[in-house]
Amino acid sequence: MKEKLKYERPIITKINAGVTDKFGMRAKMPVISEIDGIPVKELINKYGSPSFILSEQTIRKTYNDAKRAFTTRYPNVQFAWSYKTNYMNAVCKIFHSEGSWAEVVSGFEYDKAISNGVPGNKIIFNGPDKSKEDLQKATNNGSYIHIDHFDELYDLLSIAETSEKRPKVAIRVNMDTGIFPQWDRFGFNYENGEAWNALNRIMMSKKLDLIGLHTHIGTYMMTPAPYGVAASKLAELAVRLERKFNHKIKYIDMGGGFASKNTLKGAYLPGKDTCPTFDQYAEAISNALINSELDPNEMPTLFLETGRALIDDAGYITGSVLANKRLADGRRSMIIDTGVNMLFTSFWYEHEIYPAKEVSSHSEDTTIYGPLCMNIDVIRSVIKFPLLQKGDHYVIKRIGAYNMTQWMQFITLRPKIILVDPEGKTHIIRENETNESLTSLEVIPEHLK
Amino acid sequence: MKLKKNIAVSETGFLFDPNSGESFSLNETGKKILQFLKEEKSENQISEWFVKNYEVDQATFENNFNDFITVLQNFRITE
Amino acid sequence: MKPKYTIAVTGLNNTDNPGPGVPVIRALREAKEFDVRIIGLAYENLEPGIYMENTADKVYQIPYPSTGSDELMQRIEYINSKEDIDVLIPNFDAELFTFMMSERKLKEMGIQTFLPTIKQFEERHKSELPEYGKKYGLDIPFSKAITNLSDINNIQYEFEYPVLVKGKFYDAYLAYNPAQVTEFFNKISVKWGVPVIIQQFIRGTEVNVVALGDGKGNTIGVVPMRKQYITDKGKAWGGITLGDENLIKITKNLIEKTKWRGGMELEIIKTHTDKYYIIEINPRIPAWVYLAVGAGQNIPEALVKLALGEKPEAFKSYDIGKMFIRYSYDLIGDISQFEKLSLTGEL
């Protein structure tokens, strides 16, 4: 019998004469058929569809790229893993094994860091929500407490009265770095003198060890220059402290906010072309610190809490097409088994989604929907996408940041998270939810039983 | 299902509709179906031919075929 | 014998809002010191330059920069494998960034460009102009990028009405009082986002300059022009070369201080008291460049020489009072050409 021909769904597309078509000429869509050498098909067969896949190799490589960018420009650099970006214990442990401290923003995250084996004096405690108990614990453990507001400062002063240990503190400073929007809800303002006032009160109290200065100027910063402005302003505060109190701080913490290579909605050029590299951020920050009036013989350690840019590239979702559908106006829609409940970041990114097997250069304008029975469940509102059939596999790229912490259990159960280790072995690092695991937290009142 | 009379498809899969002035492009399978429609083959004949010659089962093909016809109707290429 | 270069050119959209591609090609075909084979690079299948005679020897479609620089460079690599391109001249604002960041990759393929540096490109953005003026000692009308309406009150003593309220990329309205500023701010910020730029309105005559810098501070070519008639899209319909020495001085000064590399167009307002304010700097050759060629300065030819590492001599003069008048013309094509381009991406 003669060999059958490769089949592709029949399509006809209109050629728009001359009209500006944002997508330009047909370019054959790349294919992601394997992740770190493991076929997508194999991953789905073994772990189900959909599932989250993390590449340990990529995490380590990205971390070392970032580290190299900073350590080649500045004498002492320390990264602290931003727990909220991805606090799967396996992920945290990879970063800790590379030398990262922990950066946490709640009592829950704090305890997680401790149980991951991070010593108390290698935990940075940020955020506006720290209970008195949290502060007491952090004080006892010698953690670095970054004060967000005056109420917290007074809590710490009262803790210091009765504690054997002196709280180790820094303040978070917000400021105008020439960007919009200016983040002014966290920490103390630089321009109106509030930050300097807070520093004076800390120094005058003589009850707290002021060891650092912290800022976090924004999120998804597409230009490195504002980091330079921010670093100069913190350096200026450090110099003033030294002049007035003869007190040297130990570190300057520049926070995070580095963009990954995802494309924000509404952007014309793709993120992989426009987002700054680690080298560019490092250049802006190091130059500002080195050119400041800080004592060159005793430069403070530079802390970095970047999360997104370190983990986004390492994450993938592998899944399957549930159905193809023609909408009332003739547009094609494709329903996949990943919804916004799992892929929270699809609210602000145009996520890159690729077929998992070879396709032809033909494609159709497609709306990609998630599986939820909810109108907002849209993964891509318009994308030129190849002609996948029901059951075909896809891969969504660059989803390592925030999705595994901001996801929610809604309508469906959350799937497994798989880690591919550097030897190419796969490990389940979080099991999929079951009806049982979810309802185990529920309690039925007697009268409804 | 009948195509409009003066519709012609070139070897390259380019379709020009002289009635509307619109141009379209087709993939291999789309082109083949249009040729069959031009020869006034029935849906069953077309489906049979595809299942015999391509790596596709009947249910999948018929589903795709119906979708394709909807698009042709949308573009007013059929009578 | 004259050498023959293969030159790829974008911007073949010679429509009522024309790109510079066709005039650049025309200039290159008239180059004195070399012959050319022109490869047209088109984004859309009805760009007139694709179908015009004696324009491109061969046309290829390329993907929009929004698809990503990797995709664009892959396509260029393919085209280069067929055509062996010597020089590439991009002509669209929206594509410049992508070509600038791909400069090294192009060079590795053996394709030369002569573009501004990313720094030069970034620092002359509309919202950065006042800083730019300060840095290089240029007269820029007072302007401020504001991100919310309360900022208007904070700067009310820094300027006098009327002011121009401008969008980040496009749109400009003239406002005579705070109420109008508020109205236009809302209108623009909805469409183009913030910041919105408040710029002092300068009364005077708008003049334009096309120039070419060698990247070392030297001005290779400079021709000033005044638009005589503009279309409802604000594009020149006719223009005439001017003999104003001050415009040349300002341009040479700017190129010297910024070490400008590549083509540029300056938009300048000349007041009735003979002050010159720069209102915009476009980092590429303008669509009216052929007027400069007609007046004696073949700026595209000189740009190609710079790209090839030669040191062209600076033009010393140009004809004053040379005019250009744009016209439209219906050329006849066939559906088969359209078919070929649409399906194969080549013509």
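Letters are used for the chains, namely A, B and C, taken in the order the chains are written, and counting of residues starts over at 1 for each.
Quick note on the criterion: a residue touches a chain if its C-beta (ideal position, glycine included) is under 8 Å from a C-beta of that chain, and two chains touch if they have at least 3 such contacts.
Because the structure is predicted, anything quoted here is derived from the model rather than measured.
Contact count check for A-C and B-C (C-beta pairs in contact): higher for A-C. The chain with its CA mean position farthest from that of chain A is B. Note on chain placement: the centre of chain A and the centre of chain B lie 47 Å apart, centres being C-alpha means. Centroids of chain A and chain C (each the mean of its C-alpha atoms) stand 38 Å apart. We define each chain's centre as the mean of its Cα atoms; on that basis chain B and chain C are separated by 46 Å.
Shared interface positions of chain C, defined as residues touching 2 or more other chains, are 338, 342.
Shared interface positions of chain B, defined as residues touching 2 or more other chains, are 23, 25.
Multi-chain contact residues of chain A (touching two or more other chains): 15, 17. The residues of chain C lying in touch with chain B in their complex are 335, 338-339, 342-344. Those residues of chain A lying in contact with chain C across their complex are 15, 17-27, 180-181, 268-270, 272-274.
Interface residues of chain B, counted against chain A in their complex, comprise 15, 22-30, 32-34, 50, 53-56, 60-61, 64-65, 67-68, 70-72, 74-75, 77. Contacts from chain A toward chain B in the complex involve residues 4-15, 17, 324, 326, 330, 360, 362, 387, 389-390.
Of all residues in chain B, those touching chain C in their complex are 10, 12-14, 16, 23, 25.
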